[in-house]
Each structure stands twice: as structure tokens, then as C-alpha cells.
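Some structures to go through are shown next.
What follows is a pair of complexes built around chain A, which joins chain B in one and chain C in the other.
Take a look at the complex of A and B:
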């Protein structure tokens, strides 16, 4: 299916939905039209809950507040000022402004580097509570607990309001649908799946979250504005925690991460509530609560995916097994190799590619690294060896994340990393491959690679690229390991070795200047290992990368390294050429695990004023 | 001045009693039990039933513990257990349970506000102030709860196993501790404590089907700033409860109601560990 065909199908579905909205008032009774107008607006807010929770993984209880921002802006302006077209525009602007302002504060509080998912949820929980209390304490200005009513508003017919609310919902749903299916939208899922990997791929996840959050706040505010203008009444409950959780309930029932599920969830539950709550108010709530718990426990994907699965299952009963293969995910058509002249663009700089001075890392009273000093030039392949617990991985972590170390300075390509987060270190040219393969498990190989390129090629907000250009080195790893035949395989189905290769190619796709590899060949066969070794040598020699490699296999180290650093109990005990290290009695002792005291004694004077020439 | 100090101490005691059950569950299971509010409501109605039956109002406490505990057993077995791997979903599912409890109570007892008989009435003269005897008694009850829980955690084999599960569940399981049983007992105990808290607060306010909900958020915030320690919970209750009393008396009661939630959110932003030590 071509890209334009895919987009026109979505638009065709949107036109059909608009036609259904248009027909609505002609087939429904007035009461239903009235109720559904409200439900359509609620559904637009539920849509934002799904974007945040279903796609981005932020469970939010506070979307009601943005709805109330828009609603109260309209209510306040129309109550305290005259209703004029100018004031109507002013109210809309105020509503959106208030929502954006609130969302910015929440975003700053909830999405900083290192904030947990639970903390973000906590903030969105506090938000509606604060907002309702402020509305309660507003006296006659906000109407306190009874809210505002009796203000003048747009003079539109019931049908027109229904059409307006419906068109707004269809437009927002279509836009959201196109967005989440686009290359940029896939980043949302990547952040939900593995935020850490995203940061180490140079993506500013906090900024991404705040942007999506701001956009969702605007959608909520506009929905609230239409609501107030239509209903001509606003109440503090609109901002409340209960409405906020109802939105989450509708989203969960419909099916998080499906967009259409939450929309239908909101429409059906809110409409039925209005129909049934008159006769059986408590029973209805009880049923909703019970179904909600059941769905969360037993069907976390929600009800819409089940409805969609039903015909497929029925088909499966009729047709012979194996015939109803899941439709293959639309894969990227092709990979392409970038011109080598265009890659590894970051300036090499004059000084060493990597300069580590006096770096220490302590966990409380435990010192894991102490007085680490070394420099590495571009074009060097430095192996970091040492027994388990020597601090090799910790050192890698300190170089790739400015907030990790307890003391010392780290300069990458002439930039002091200070206490900057991983994505800033990536921008200076650091690329880190983790010890355990760290990829986006539910995304396909091609999608993983594409996310790794997002830093260089700004992903489209509405389209899907079908050609993915990658630097030569990444392409080389992909071709060598056969990953190019598995581009549409979800990463969690790959073998351990292929996952390692995938992560390595993702890191290489970043075009790093300083490459940190934590046992990149663990789990690979001897041949693959030698191929990776050849690629690494090529990278350092031809492209001038500085590679820092943690490796246990000393034969492999001997074959590819230009220099070896031996780490033991958090200190550098030896820093020299491959020959020196291999011949060293000390290294044998370290690896054999004998004579710890002797080593400490021997190295104590060495680490003091040592400045090993790079 | 003395009245205000007493206000702060008694408020902290009430908050402590309300939050311990939640803290216990969060500490062991890393799960926020949003049914805590609903279980408190259940405890409140247990107290109502007890006093309406003409029993001694003090009996409300064990009855509420029984109600809460039995409900907790069912909740752990059927709802929380499948959700250990999905902590955010557990918040939602327990919130759904809160709705269910509220609606069942509404159907059984009606929507109206009801009052229970306080086990202690009148005032006590303390430092020249005459102060509500029941509020003062709550300080003793909260202290007794805290001490009993500490003794349970520090002095018994179950407590040792519970602390092991808190620190490193995988390792604890590897050492042969039945962590599923520890979780089950913890949740039951947490739910029983929620019931007790509900029974304790009813003489101060009234009983209605949503009485637990306003307490839930404050208790939740207190637990988050305390980590998993009963001691830091005490500190958090005193500091934040004190701030609440001061803001409510000197500025406005509405702002006072927000103090705990807002302060806790800011504290967590600045210091993610909150009041917990390293």
C-alpha cells in the first residue's frame, strides 16, 4: 500500500464519519442529540487521555482540568463581559492560554529527566484537586460550588451544535490517527516502551512529552469551550478528579492505544449513563465499576480490539488453520546507505576525543570508581578490561550520562559534559551500547533503526518514510548479521545475537564520535564476532572514531585494540599497549583473583601522579 | 498557641492512622491501593452498624478491622494478584473497586449523611486548654498502631520476611520465603488498617458513601513522600499535617485542604526520596 493510498483511506474514513455526524440529527430524537453533543466533546478529551496514556505511557487523571480551562474561560467572559464576537474570540484565546500555561507547569513538574511514571501520575492527580478548590474559593467570580449559568452564548440550533461538536471530534481523531501512525508518532510508542534507550539515542524525551501534553491541553480546552458555549452552564465538577478518572475509565474500556476505542468508549458510556442513570443511578455506576475492574484485570487491551478480533476468530474457525496469518506490518520498503562523506559529521575537534579526569563514583560509602584519568584520541580503539565488579560498566555510564559521576570532569570532543543528561551527551558525539541488548521490544527492526535516526532526520508528523538511509557502518553490521532480511520482525522475536547486532547498528546510526561498547559481541558466534571486530577496526581507522570497548575475551581484545586499560577495584592499574598488558604479571594476578592486597600496594603510587601518554 | 499545637499533633495522628495501611501495602507490594478510600468508607459504615446495634462504640474498631480485612482478602486474591507486574493498572483496578464499594454502600444504606456515636465525648483540660477528648485519644490510638506495626515488623518472623520482601523480593523468594503469602497477609492487614482508620474518623465527621475519597489523596501523597518507612511517615505527617493546620487557620481552609498535596508534589520534585533516608 502506497503512502498516498494509505492517507486517502484515512481521509475517506473521516469523510464517512462526518457524513454519519451530519445524518445524526435526522435519525435521532432531540434528547439523544442533546446528550450526544456533550458525549462527542467528552470523547475528544478521552482521545487526549489515550494519546498520553495509551501511546506515551503517562497515566493522567487531570485532563478534566484542561476541559474546564476552556469551559470556564467561556463562562467567565460571557458572564462578566458582554457576549460579542470579539469577546468570544477572547474567551477562546484565554481558555487555550490558561490550558497551555497549566500544562507547561505540569510538564515542568512531571516530565523532568529522571521523574518516574508514578510521579507524573501523581502530579496529574493533584492538578484537578487544586483546580476544583480554586474554583470553589472563587466566590461570585467563579460562582463557587454552583458554577456559572445563565450567560449568553452563540445563537445556534441544537443540530448545529451537534454538527460542530461532531466535526471537531472527527477532525481531532483523524489528526491524532494520522499522527500516531506517522514516523513522529512512533516515537511516542518508543518512549513508552523504553525511555532510557530513547534518551541514549539522543532524543529529548522530556521535551517530546511536554509537547504532546501541551497539544492535548489545547484539544481539551477547545472541547471545553464548545461545551460551555453550548450548554451555557459550567460547574467545578468539570475540573474534578471524578471526571478525570471517568475519562481514564472510558479510555480503558474502549481500548488504550487504539484512539477509536476511547472515542467510542466515551460516546457509548456517557450516552448510556444519561439514558440509564435516571432510572438506575447506582446500579449503572456499579456495573461500570465492575466492568472497568474486569477489563483492567482480564482484558487490558480494552473492548475495541476484542470486537475487531471477533470476525478474525470466527474466520479462523471456518478456514483451515494457518490461512489467517496476521497481516504483516507495513514495513519500510528499503534501506539505503548514506554517502560516507555525509556521515560522522560532528567535528573531530583539536583535543582528545575523550578526556576523563579524576572521575569517581560513589554509592553512599561504597566507592566504585576512584581517580580515573585517561585520554583517548580519535582513531583509537581502547579496550577496557578487568574482572567483574572492576567498575567498567560504571565508567561507561559516567561517560554517557553527566549526572552519574560523583566527581571529576569528562570532556567529549572538546565539550565538557557537565551534569548533562544522556541525550545531550549523544549530541556531543557519544554513542552507548548497553551490556544487555537494549532495543524497543515491540517495534520492528526497521522501526528501531528509524528511531535511532530520528535525531538526524526529523521524522514527519503525518507521513511514513519508505526509505531509511543509514550510515555505512550501520549498514555493514546489518548486512553482515543478516538483519536486513528481518526488517519487519518485531525486535522481541529476534535471537539474542541479532538483538545485540540490532542495538549496535542503532548506536552506529547515531554517527557517534566516541563509541562506548559494553561487550558488544557477547552471544555472537566466532565468525560474527570477527566480522564485528573488522567493522570496529574499520570505524576507527577510516572514519576516525574513538571506540571504548569493554571485553572479557582477551584474544579478541588483542586482535583489535590499539590500547588496553586494565581496571581493578575501581582504579586504573595499567594503561598501555596490547603487548604490555598481555605480558604484565599484574594482569594475570588480577584475572586470577590472587594477591589483592599486593596489587593495591603496587598501584597506590602509580595512580597518584600518573599521566599516561595517549 | 497550645490549642494550635494540639491541633497539629492530633491532625498528624489522624493522618498517620489513615496512611499506615496504604504505606504498608505500598512498601511491600509497590502498589498504590486506591481502594484504600473505599475500604475506609467500609470501616466507617462498620462503625455505624456497630453503634446502631447499640454496642459499645469502641467495638467499632475491631468490627471495622474485620470488615476491611475480609474485603482486603478478596481484593488481593481476585484483583491485585494478577496485576503485580502492572503497577499503574493496579491503581486503576483498585480505583474501580473503590467505585464498586461506594455504590454497594449507597444501595445498602442510601446516599444520605449519617452520624455515629463517638466513643468519647466532651473535652479534657490539658495545659490550661479544654480540648476534644476524642481527638486526644486518637493520638494515643495512632501511637499504639504505629508501635504495634513496628513491633510486628521488627520483632516477628513474619515481620522479618516482610522486610525481606520489601528490600529484595526476588532474593527473598530464592531463600524460600513465600512472597505470595507475605503479599496476601500484607494486603489484608493494610485493608484492615484502612477499615480501622475509617472507623476512627467517623466520630469527627459524618458517614457517607464517598467519605473515604477526600482522605485518599492526602494519604497517598504522604506515603509517596515517606518511602516505605513508618518513621518517615510520622515525620511527614507532622510536617505536612502541621503545615495544613497553619495554612488553614492563618490563610484559608480551602488552601489548607490543598497544602498536603501541593507541598508533597513540590517536595518530591526537589527530592524524589522525600522524607525517606537513603
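Take a look at the complex of A and C:
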């Protein structure tokens, strides 16, 4: 499906939804129209809960507060000042302003570098409790526990309010839908999936979360403003923890991470609650509660995914493997090769690409690294060898994240990394591949690569690119390992070795100047290793990268390194050319084995078995 | 079909017949049949993505079986959930996320060794990777990548499992440790008669330790043989090169 066709389909669906909204008052009774106007506005807030929880992975109980910001801005202005068009605009501006202000403070508190997801949820839980208390203690100004009512508002008919609320919901849902499917929207899922990897791809995830949070606050405030202007009553419950939690329940019930699910979840539950509370005033909450438990037990992913899954379940077919390799939506392209001098981030100057001075790392009384000093130039491929537990991975971690080391300085391309976070180190030219393959498990291979390029090419907020330009080195790794035939395969289905290759290509897509590779070829066959070795040699010799490599295969090290540093018990014990180091007694003693032939030799031939055909 | 060489009068330690498995919508392992005699070591080799790890996960019951059967020491294990398979004396040494990162080395061992005789388990650890005994109070997550692999292997051997399914244990290990590991595995087999299925990328190690080998290609067994045959290495390599 082409990009314009996809967007036209979404817009066509939106037009259909608008038509349904328009027809609403003609087919529904007045009572239903009244109730649904409120439900439509609640649904818009449920939409923001889904964006935050379903896509970004932040479970939030505090979206009610932003709704109340908009509602109380209208209530306060219309009560304490005259209702004029100017004041109506002022109230809207105040409502949005209050929501943005609150969201900025909460966002900063909840999403600063290093805050955990649980911490964010706790803060959003506290928020409505504080907000309700403030409204209670506002005396006659906020109307305390009884709220504000009896103020003048826009003179619109019941139908008009329904249309306004409906159109607002359709517009927000459409925008949100286009956004989550866009390239930028994939970033949300990537952050939820593996925030650490995002940071090491140079993405400022805290800023991204705060921006989305602010946008959601604005949507909530506008919905609240419309609600107050329509209902002409505001109460502290609008800011409350109960409403905030109901929004989460509707989202879970409808199916989180689907946008439409939470919208319908909110509409159905709120509307049905109103009906039931009229017909069964004493047990309606029990009925709603029971239905909720049943749905969660039977359809843990929510109602909407269940509806979509139904045909698949009924057919119950397992497709053969060939079908998984769907044609990829994205085509890869090779970026024009740049000279070392032109390459991004290449303000190398005359200094070394990497200078490590006096670096130490202690965990309590345990010293893992001590007095590490070395410099590496652009164009050098330095292998870091040493026994398991010598501190190799710890050293890599200290170079890629300023907050990791206990002492010493690290200078990358002339920049002192200080105590800066990983995304800042990436901006200085550091690229780190982890020891255990670290990719976005639920995203496809193509999406993983796109996210790796997000730092270079700002992803569109509404479009999906169909060409993904990658640097030559990344393309080489992809072609060598056959990843290009699996672009639409979700990463969690890749074999261990292919995940390693994918992560390596993602890191190369960053176009780093200092490349940190922790066992990049673990899990690959010898042939694939040698091909990747050739790519690494090319990167250092032709493009002037500085590569720091942790590797156990001494043959591989000998083949590709220009220099070897031996780490033993947290200290550098040898630093020299490949020949010097590999031939040294020390390496033979503490590190190398008897050699492969050695193992084979030790083994007594097994009892004579004949070959049995497979 | 690969049949066991160490022919006892008992049922083979592991018998897999016509096993197909995979993930939603994708068949990754196709009609694999193999049998391993008690005390025998089989190395499963093959390129990336050919279904080696999937085969182990399916045998353990972590993935649904689309066809075929798995029999462990004569007991049908096709429909058993992973913890029941483990109770048949099967140890699974997974490639990723196999240790409890926030527990200490000692706690990791204690959780795996379910019997009362922890001292015997520690003796077993001493025989394999004694450095772990000095690190008993250290959190497993703070061990280096290679040390974690050693703990993983030591832990599985200490459980006294009759059958070990081992997924790429040599990954990230320094050469001298790989040598030691080869000795550890052979000694475990000699002392306890442990049967093993090793999924490996490290060909010299695999051929040195295993009695027999099988190459998996696109989910099927492409070729199999005995490690002692002089052309074994060449025959395996034929499948591994692109």
C-alpha cells in the first residue's frame, strides 16, 4: 500500500466517523445524546491514556487532572468574570496553560534521566490527589467540594454540543492514529520496548516522553474545557484519582495500544454505566465490575484485539515459514560514501579519537578497573583481550556513559564526556554494541534500523518513509548475514546470531567515530565472522574509525587488529602490536587455551560409530 | 533419523520423532527425528537461524509442537509443560537470560539444586569452576558475561540432571576456559553418565566433546555422523560456509 493510499484510507474512515456523529442526534433520544456528549469527551482523554500507556509504556493515573485544568479554567473564568467571547478565549488559553505548566513539572519529575517507570506511575498517582486537595481548599473561589455551577456559557443546542464533542474526538483520534503509525510513532514503541538501547542510539528519550506528555495534557485540557462549557458545572471529582483510574480501566478493557479500543471502551462503559445506574441504582457497579473481570480474564489484551483476532482464531491456521517473509514496506538504500573528513561528527582535530586517563570503577569495596590509561587514534583497531571478568565490558560501559566510572577522565574526539548520559556520548561520536544482543524485540528488522537512523534523519510525525538510507558499512553487514531478506521479520523471531548482526548494523547506522564492540560476532559462524572482520578493517583503514573490540577468538583478533591491549584483574598489563601480545608468555598463561587442536587431541576417539543417514 | 550408538537395553535418554515446531505463523523446525543413548553426547551444528535453539525450546515445552513426539528415558514428554520436563531430570542451559541476575551466585545454585544435599552440589561446582566458590555472595548480575556462562554450566551440572540440553555455552568464553569446559563435560559424563545435547557454533569444541554430530539446515537434519570420523570436520564445514 502506498503512503498516500494509506493516508486517504485513514481520512476516509475519519469522514465516515464524522458522518456517524452527525447522524447521532437524529437517531438517538435526547437522554442518550446528553450522556454520550460527556462520553465522547471522556473518550478523548482515554485516548491520551492509551498514547502514554499503550504506546510509550507509562502507566498514568493522573490524566484526569488535565481534564480538570480545562474544565476549571472555564468554570472559574465564567463564574468570576463575565461570559464574553474574549473571556471564553482567555479561559481556553488559561486551561491549556495550566495543563502545560503542570505537565511540564510532572514530566520533568517523572522522566528525568534515570527515573524508573514505576516512579513515573507513582507521581501520576499523587498528582490527582494533590489536585483534588487544592480544589477542596479553594473556598468560595473554587467552590470547594461542591464545585462551581450556574455560570453562563456558550448558547448552543444539545445537538451542537454533541457534534462539537464528536468532531473533537474524531479529529484527535485521527491525528493520534496517523502519528502512531508514522516513523516518529514507532519511536514511542521503541522507547517502551528498550529505553536503554534508544539512549545508546543517541535519542533523548526523556525529552521525547515529556513532549508526548505535554501534547496529551493539551488534549485533556481542551476536552475538559468543552465539557465545562457544555455541562455548566464543574466538581473536584473531575480532577480525582477515581476518574483517573477509570480512564486506565477503559483503556485496558478496550485494548491498550490500539487507540480505537480505548475510545470505544470509554464510550461503551461510560454510556452503559449511565443507563445501568438509572435502571439498577443499587447493583450497577457490581455488574460493571463483573463484566470488567470477565473481559480481562477471557481477553487479556482487551476487546478490540479480540474482535480483530476472531477470524484468525476461527481459521486457526499456521502459515508455513515462507509467508513470514512478507515483502518489506521499506527498501534499503546505501548512503553516498563520505570521506572521513566529511563524515558527521568528524571534528577530530589532531588529538586522539579516544583518550582514557586514570579511569577506575569500584562497586563498593570491589575494584573492577583501576588506573586505566590509554589513547587510541582514528584508524586504529584496538582489541581488548583478557580473561573472563577482567573488566573489559566495564571499560566499554565507562566510555559510553559518563555516569559509570568512579574516577578518571575520558575524552572522545576532543570532548570530555564528564558525567554526561549515553545519548550525549553518542553525539560525540561513540557507538556501542552490547555483549548480549540488544535490539527492539517487537519491532521488525527494518523498524529497528529506522530507529537507529532517527538521530540523523528526523522522523516524520505523520508519514512513513519507504526508503531507508543506511551507511555502506551497515549495508555490508546486512547483506553478509542475509538480514536484508528478513526486513519485515520481528526481531524476537531472529536467531541469536542474526540479532547480534542486527545490533551491529544499528550501531553502524549511527556513523560513529569511536566504535565500541563487545563480542560483535558471538553466535556467528566462522565464515560470517571473517566477513564482518573485513568490514571492520575497511571501516578503520578507509573511513578512519577508531574501533575498540572485545573478542575471545585470538585468530580473529590476530587477523584484524592493529593493536592489542590486555586487561587482567582490572589493570592494563600489556599494550602492543598483535605479534608482541599474542606471543607473550602472559597471554599464554592467563588467557589462551591449548588451542583448538589441543582439545581435539585430548579426546580419545569414540567407539566406532557408523554414519547414519539423517 | 539419527539412532543412538551407545546401545543399551534401555530406552534411549532422548528420542525425538518427526518433531515440527516454531512461532506463530512460522514453522522453524521441520520433522526432526533423533535419538541419544544414555551417556551419549550429540552436537547439533548449523548456521544461524536454522532452528537449533528452537529445537531445544520445543523439546523443553517452551514452544508448541505442531507435530511429532518427544520421549525422555521412555516417558512421553510431548505434551508436558517445561517444569514437568525438568522434573524428568532434564536440564536446559539457555542462551539468554538464564540466571537470576539479582540473586547471588549461591542463591542461583540453591534454586536449581532442589534436593537437601547442597554440599554435594558445591563439591560438583568445585570440580567444574572452583572460582565460583569464592564468589558465592556476589550478585550473579555483577559477574562478567563469561563468568555468568560458567556459573550457568556449573549450576546445570550440580543439579544432577540426567539429560542436559545446552545452547551455545562457549559463546563469550576465553579459549583456556573453553578447554577447561571440554574437560568438565567429559568428566561429568564419565562420573555420572550424563547425556547431553550441545547446540554449538564452536566447531573444534563440538567435535572434540561430542560422540556424534548433526547439522541442522532450514529446520531439517541435513547430515549427521560420528565425531571420530576423519572427514567429520570437512563434512560439517560444507554446511556452515555460505
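In the analysis below, the second predicted complex is superposed on the first by the 540 of 614 C-alpha atoms of A that agree within 3 Å, B and C clash if a C-alpha of one lies under 4 Å from a C-alpha of the other, contacts with A are read in each partner's own complex, and residues count from 1 in each chain.
Going forward, a residue touches a chain if its C-beta (ideal position, glycine included) is under 8 Å from a C-beta of that chain, and two chains touch if they have at least 3 such contacts.
Since the model is a prediction, treat every value here as computed from it, not as a measurement.
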First (chain B), second (chain C), both or neither touched by A:130: first
First (chain B), second (chain C), both or neither touched by A:296: first
First, second, both or neither for A:282, with chain B first and chain C second: first
Touched partner set for A:232, first chain B, second chain C, both or neither: neither
Chain A: partner with more touched residues, chain B or chain C: C
Partner chain in contact with A:245 - chain B first, chain C second, else both or neither: first
First (chain B), second (chain C), both or neither touched by A:364: first
Residue numbers on chain A that touch chain C, as the complex places them: 318-321, 323-324, 363, 386-394, 435-436, 481-482, 493-498, 518-519, 522-528, 552-554, 590-600, 602-603, 605-614
Residue numbers on chain B that touch chain A, as the complex places them: 32, 78-79, 82-83, 86-89, 91-93, 95-97, 99-100, 102-104, 106-107, 217, 220-221, 224, 252, 254-255, 257-258, 261-262, 265, 268-269, 272, 278
Residue ranges of chain C touching chain A (in the complex, touch as defined): 1-3, 5-6, 22-28, 47-50, 52-53, 66, 95-96, 142-147, 149-150, 168, 171-180, 182-183, 186, 201, 203-205, 207-209, 211-212, 214, 219-229, 240-242
Chain B partner contacts - residues on chain A that touch it in the complex: 59, 109, 112, 114-119, 121-123, 125-126, 129-130, 133, 136-137, 241, 245, 248-249, 252, 282-283, 285-286, 288-290, 292-293, 296-298, 300, 364
